[in-house]
Structure formats: C-alpha cells, structure tokens
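Read the structure below first, then the notes.
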Amino acid sequence: MDDYKAKFKNLSALYLNCTLKTGDEESHTDRLIKVSTGILDSLEVEHETIRVANLDLAIGMKPDMTKHGADKDDWPELYKKVLAADILVIGSPIWLGEKSSVATKLIERLYSTSAQYNNMGQYAYYGRVGGCLVTGNEDGVKHVGMGVLYALQHIGYTVPPQVDAGWIGEVGPGPSYGDGGAGYDNDFTNRNTTFMTWNLLHMASLLKQNDGFPAYGNQPDEWNDGKRFGFQPLMTD
Amino acid sequence: MDDYKAKFKNLSALYLNCTLKTGDEESHTDRLIKVSTGILDSLEVEHETIRVANLDLAIGMKPDMTKHGADKDDWPELYKKVLAADILVIGSPIWLGEKSSVATKLIERLYSTSAQYNNMGQYAYYGRVGGCLVTGNEDGVKHVGMGVLYALQHIGYTVPPQVDAGWIGEVGPGPSYGDGGAGYDNDFTNRNTTFMTWNLLHMASLLKQNDGFPAYGNQPDEWNDGKRFGFQPLMTD
Amino acid sequence: MDDYKAKFKNLSALYLNCTLKTGDEESHTDRLIKVSTGILDSLEVEHETIRVANLDLAIGMKPDMTKHGADKDDWPELYKKVLAADILVIGSPIWLGEKSSVATKLIERLYSTSAQYNNMGQYAYYGRVGGCLVTGNEDGVKHVGMGVLYALQHIGYTVPPQVDAGWIGEVGPGPSYGDGGAGYDNDFTNRNTTFMTWNLLHMASLLKQNDGFPAYGNQPDEWNDGKRFGFQPLMTD
Amino acid sequence: MDDYKAKFKNLSALYLNCTLKTGDEESHTDRLIKVSTGILDSLEVEHETIRVANLDLAIGMKPDMTKHGADKDDWPELYKKVLAADILVIGSPIWLGEKSSVATKLIERLYSTSAQYNNMGQYAYYGRVGGCLVTGNEDGVKHVGMGVLYALQHIGYTVPPQVDAGWIGEVGPGPSYGDGGAGYDNDFTNRNTTFMTWNLLHMASLLKQNDGFPAYGNQPDEWNDGKRFGFQPLMTD
C-alpha cells in the first residue's frame, strides 16, 4: 500500500452524488460512496463529494445558461471542479430502472461543455478517468451503469475495467442500502467497489505519468484543418 | 505517423462483425470496419475481421458448451483469438433499436469465460482495450454502444475515450451504409471512426508498455483470501 | 372521419413537452407535437400542450415536495391535469442518446404519485393511454421510446400499438426537426405520428366505453387483504 | 372468477421461454412462467409454453430464411403459433443486464414478419396483447422489460398496464429463482405476476369483443395510397 500512497499522491477524485434527496437528508448512495472514499483515505488521496441536487444546475445545453436567460447556473463552478479532478465518479440512485433526473441533468451539463479543448487540442475531459456507483431499492444497477459510463467515454473520459459497482436488495420493497446495515456485508458490492476504486486510481496514475492521453489522431481542429491520420474514404464500387 | 508505426508494431486487433448476414453476403457493418482497418493498414498494425454469424457459437453460459450437451461450439477457438488480440472491436447492426442477437450472444460467450484469470491473477481480459462500430438503417448507434461498451468494461476491458463510432441515415427506410455510397462522405462518422481507431491504439500501447493493467487491488483470489486493499466495511449507526 | 368525431368527442389529450428549451424559445419537439395535435384538431378532440421546463417540478419522490422542504412544487397541479386527460403523450428531445432530464424528472414525479388509487381500487393511472414523440439531432428515438413507454405501462397506462414516433436526421450535426423544414416531408415520421395519434384515440375510446380498465385481479388492496385471483404459490420440490 | 372463466374461454396464450438452457434442463424462468400459467389453468384458459432455444430459429431478417440460404428455420412454424395466440408473453433470463440472445433473436424474427397485414390491412400483430416475465441472478428486470415491451408495441401488440413482472435476488451470486424455493414467497413478484396475467386477459378479451384493434388511421396501404386521416404536413415558416 505504501508504494501506492507515494504513486497516487498527486491524484484527486470528485464524487458527484445524484441522489434525489436534498439538504442533508440521509442518502443511500452517499453510504456507498463512503466505501470508496474510505479506500482513498487509507491512501491519502484527496477527494471531495458534492450532492448535485443541492446546486442550481440550470436546464439547457450551453456552458453557462445565465448567458441564455437562466437566473442562476452553478455549472460553470462545478465544471471547474470536474476539470480539476483526475477521477470522476457519478453516484446515482435508481428510479423506475433509470438513473436519477439529477444524474441525467449532470450528464447534459458535462456534455454542454464537451466541445471545449484541453491544451493539447483534445476534448477537455481527455486524460481523466470515470466510474459509477449505484444504489437502489429497485433493480437497474447495470442499466444505470450503461448510460453513465457510455456518456463518460463519449465525452473524453477513459473507463478502466470494472468501474461499475452498486447494491440492490431482493426485488420489491425492503431496506435500501445501509438501512439497518442492509448490504454492508455484501461481499460482491464490497469487492466491486474496492476493485473499482483501485482501477480508477491505476488508470488515472498511468495517464498522469503520461502527461495525459496521447495526443495524435484525436484532435478535432486538426481533423477540421484536413489532417487525416491515415483515414481514407471508402469508394462506391 | 512513422513514430507510431514503430510504437504500435507489436499490437494486434480483432474485429468481430455481428451482422445477421451469413456467408459472404455484403455486410454494411463490414464497410465501416474497413474504414477503421484501413487506418491500421497505414500503420502496419496486424488485424483480423471475423463474421461471427458464420461460426457456430453454442447457446449457453459455460466456456465450452460441447461439455454440456452442445454438438458444436466455436467459442473456445474464438476465445483464443480474443485473448491474443490487444484490441477488440465489436461491430453490430441495429435492429429495433438494439444490437443484433449475434452481438448479444457474442457478449454472453465473452462473459461465459470471464471468470478465468490472467497470469497476474486478474480477470483474463484485463490489459486489453475495446470499442464498437455500429451501422443501421434504423436509429440506435448510441444505445448499442451503451450495451457493448458496458459489457466490455464489466469483464475487464479498458474503454478509451470516444470509441463508439457509427452511421445511420435519416429516420425511416432508405439506403444503409455504403449503399450507393451513402455515408461514405459523412464527416462525423469518418472523424469518429478515425479518433476511435487511434484511441484504441494509444491505450493498447500504454497498457502493453506497462505489461498490462496494474495488478493490485483487483485480483479476485487475493480478495477471496481476505486481503482488503484499504477497504473497510461500513458500520450500522 | 365524422363517425370518429362523434365517437371521440368526450376524449381529451395532454402533451407534455420535455424540451430543455425554456420560456418560448422554439422547440423542435413542439413542432412534432403539432403534427399530432393537428389531427386532434381535425377531429375536434380537446388537447393541451405544456412545456414542463417552464414549471417548477421539485426534485424528489413524494407527491407534494413542499411538504418535504421544497419551496415550490408544480407537480400537484400538473398531476391533476394528467389525471383529467385520457391520453398522455410525453415529448422529448434526445441528448447523448437519452431522453432529457426534464422527461426523466417528469417520469419520477408521475411515479411519485403512482401509489394512489382510482375509485375502482386500481392504481390511479389505469384506464388511460400513453405514447411518446421524440426528436433529436442525435440518434436515440427508439431508446427514448423504450424508457418512456416502459414507465407509462409500469404505472398503469395502457400502451396501444405503434405509439412511438419521432424524427432524426443523418448521424452527426445538421438541421434539427423543422429547421429549414427538415423532416417535414419525411413519410415515415408523418405516417407513424398519424398512426400513433389514431391508436391512442382508439384505445382511449375503448377504455372509456368500458368505464375504465376492467377491475379484477389488479387491485393492490384486495391483494393485500389476501385475495389471490387464482394465484397459487410454487412449492419447492 | 366464474364470470371470467366464461368471458375468457375463447382466449389463448403463448409463453416463449428464452432461457439459454437447452433440452429439458431446469429453467428458472420456466418456474415464473408457471406462476402465470397456473392462473390461466384456474380460469381454464388455453396456453402453451415453448422453449425457444430448442428450436432452430435461423439468423436473419427474412420471414423464411430457408429461402435465403439457411438449412433450417423454425420461425415460419412458430410464427403461426404466435398469430394463433391472443396473448404473447416473452420470458427471459438476464445476462450482463440484458435479455438473452435467444430473446433478442426471437424479437428479430417477430420483426422479420412484421410487415405482413391482417385482414383489416393493419400490421398482422394488431389485436393481440403482450407482456414479459424476467428472472435473473443479476439485476436488470426493468431493463429487459423496456426492450421487450417496446418491441412488442412497435410491431403491433397492445401493452396493457403492469405487464412486466420478475424476480431477482440481492445483488451478487446467490440462488436463482426457485433454487431452494428462493423467491417463491416474494409478495412483490407474486402480486405483479398475478396482476400481469389478469391485465393481459382483460385487454385480450376487450380486443376480441371488439373484433380486433379498431381499423382506421393505422393501415399502411391506405396511407401509401394517399389517404391522410386528418394529417396535415407542417409548413416551413
């Protein structure tokens, strides 16, 4: 572990909890996030958890919606935190088999700034890694994972192996994660959350050592300027 | 480009085309695969494309279904090719908004062998990278991407940024990819397929240089033996 | 048509447009909604279209979130309109292959009141029919349809045949629905929107004539009181 | 109940079990199907259950693939049974969060014959109702339901309220449905399966009394002949 403490010391992680609970009402997803951040603590890796429902993310697809009529928009500030973090973990509950509307809006806003470039001319999120943590009373951990991880890779994140972890109980009503300790001893959830945390760290570290994701063949402006990187158009027979 | 030719010379890629067309009937997905493999050709990277519908993949979730009653099962042989390749690209058409049944079965079989370990004690697919190419007359490129990329990361593949490329035309009947040249000049498809190809190569190369995905905190047997990698169980309040 | 004018005269339809556009900014989804409501006009069927992003739907899963700390919650009022309509059509744009966060939140709120009963002891939404209209610059009409229609049937709506209509253009940037008339002459979209509108009317009319969805074998309180309607538990061998 | 026995006596139901288990190997999904067919038995409604993996459904999108090179194709025979049944229930296990490849192929084949018309000029599946039953060791009941029910409504089936039932246990390895009786006493699964069965019967009965789904505004050939049913094209501003 000590080797890794040194190796990971310049990394940082941001956990965005997309629970529908506002204020400081107990969030089941927050509990699972703590399993992951507990490992970061043991490695002294910096991390922050933000409850997105407590922010004012405006509705819309522009980087700053206050320039388009919104009274308030916390996205520009949150975006800075997203860019400052090497690791992004989206936490979401499941409702009707889907990620929460807060998670959906977060992904829209991540997308709304996805056309910006980093200093190597790649989309700004390149060089970062992403994962997801899901809890629910209802089923849908994997379905939520599909949407979240797809979106992250689509906008520039690298998705390391096995970075989808979660907990649900037996189908139907019953305790949610951590209610009366439900799920705390679930070996599958604990193992997956541990593997996920390590895999995010390993890949973030690899990319950091490499000064980001290699920049060739993936810069929009170079493509727009006519550079083709070996691409040849197909011809109609 | 020449630097990369040297850098990528020990890499190999496998494209598994999950078209519903059998024999050598023209496959639209095959056309898009050729856009990607054309770039590999320019870099002299080894690659192979296999049409999965021409194989006999048995129905079932065991590594070799001939040991469970199937007359024939081409999965054990295909699995060897999958493990031999640094890069796996799953190509699929879209039917009713979903990946093909051939793609679904391929993923089941990838999953059926996913409990095997590599020589570092990780799941066998670790250290490899995956992406997808999708064509359709109907819409669903992103939905197919969600399912395919989710499955790949879940079983151990690393998913680099922007490795989902595809083509569809305007909603409704009309030419499929390449029919009368349809889509061959689509800048979005051409750019995305190019970026995807490069991002798969970059990440495969990074992992190869690193002798695979870092092996710590992600080995099932070590977890099963009680090693915890900083994980601490949550306690009921 | 005149027969149907008489037959449908006591029906009403509610279109909830889940665009991310606020105020009266032009919505592409609104244009497609007008194709459907135009048919209702020709039949003199009452209808209303509401842009959900202009309401304050609170975050959360209780029927009235002002009783749980929210400053404002327009859901209780909107819920009344939903119950008053025989036909509910959810309109949504597509972002990153998903329905909008506004649509996701609308579905959460529909779900938040789904435990209420009608006067026959069924879930309150029984006896109504639902469909969806989707437009996007990106692909995903079918994927959005899957989530929306699933949610509607899950909470008690009947889903008639072919009630998913939409429009997208060729993959990549380009005009959205109606920009410069894009898609207005798309026969597939026009036909599907027409069939959808008629199928919603036909089924709403059938259910209305029948005084709602037949009430036997689907009333939660009767089940909770021990009535079993022919159900027999399986026995372990 | 006796009233309903009389009312439903001319109805029939087909259950297509899409387990990956072949031969007569015990299928968990089959157990859940029996909960539903047990209710039909108590009502003396005719039903049949077929294990699709034991048939030779050819790969491809034509109504009869033997006319396109396949050695064998059991679809044309199965299609007759599908058309003969008022109620179709697709049963599927969950693998990696998705319906089985057998279910995906079944849907492809249902789609392959979906362009045929009934004697009222509607798509052939009109006038029938559909639902789904899902079991899994892994989560995904709702995700599987989304895909299956979407496909059924898209090709002409009516989807009554709450026709998605299923069972999964707590996340991670553990008993599948019925192993040691697991899930047999799950009130949520039992209730949902009961409601589903009744709702399918109610709606099938309504449609049968009505001599099918009303035929106006939903006949492809009439549309193709220029009939518009009140549709008016939008005009560019």
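Order as written gives the chain letters A, B, C and D; numbering starts at 1 within each chain.
Simple rule for what comes next: a contact is a pair of C-beta atoms (placed from the backbone, for glycine too) under 8 Å apart; a residue touches a chain by one contact, two chains touch by 3 or more.
Note that the structure is a prediction, hence the values are computed from the model and not measured.
Of all chains, D has its CA centroid at the greatest distance from the CA centroid of chain A.
For the touching copies chain A and chain D, the fraction of interface residue numbers used by both exceeds half; the interface is of the same-residue type.
Set side by side, the interfaces A-B and B-D show unequal numbers of C-beta pairs in contact, with more at A-B. One inter-chain figure worth recording: chain A and chain D are separated by 36 Å, centre to centre, where each centre is the mean of the chain's CA atoms.
In this assembly, the C-alpha centroid of chain A lies 22 Å from the C-alpha centroid of chain B. The distance from the centre of chain B to the centre of chain D, with each centre set as the mean of the Cα atoms, comes to 30 Å.
Contact with two or more other chains is made by residues 96-97, 142, 145-147, 150, 154 of chain A. Chain contact summary for the complex, chain B toward chain C: residues 96-97, 138-143, 145-146, 166-173, 183, 186-189. Residue ranges on chain A touching chain C, taken from their complex, read 20-23, 53, 59-61, 69-70, 95-102, 104-105, 107-108, 111, 147, 150-151, 154. Those residues of chain B that touch chain A in the complex are listed here as 1, 4, 31, 34-35, 38-39, 42-43, 123, 125-126, 142, 145-147, 149-150, 153-164, 178, 180-181, 184-185, 190-191, 193-195, 197-199, 201-203, 205-206, 210, 213-214, 216-218, 220, 223, 228-236.
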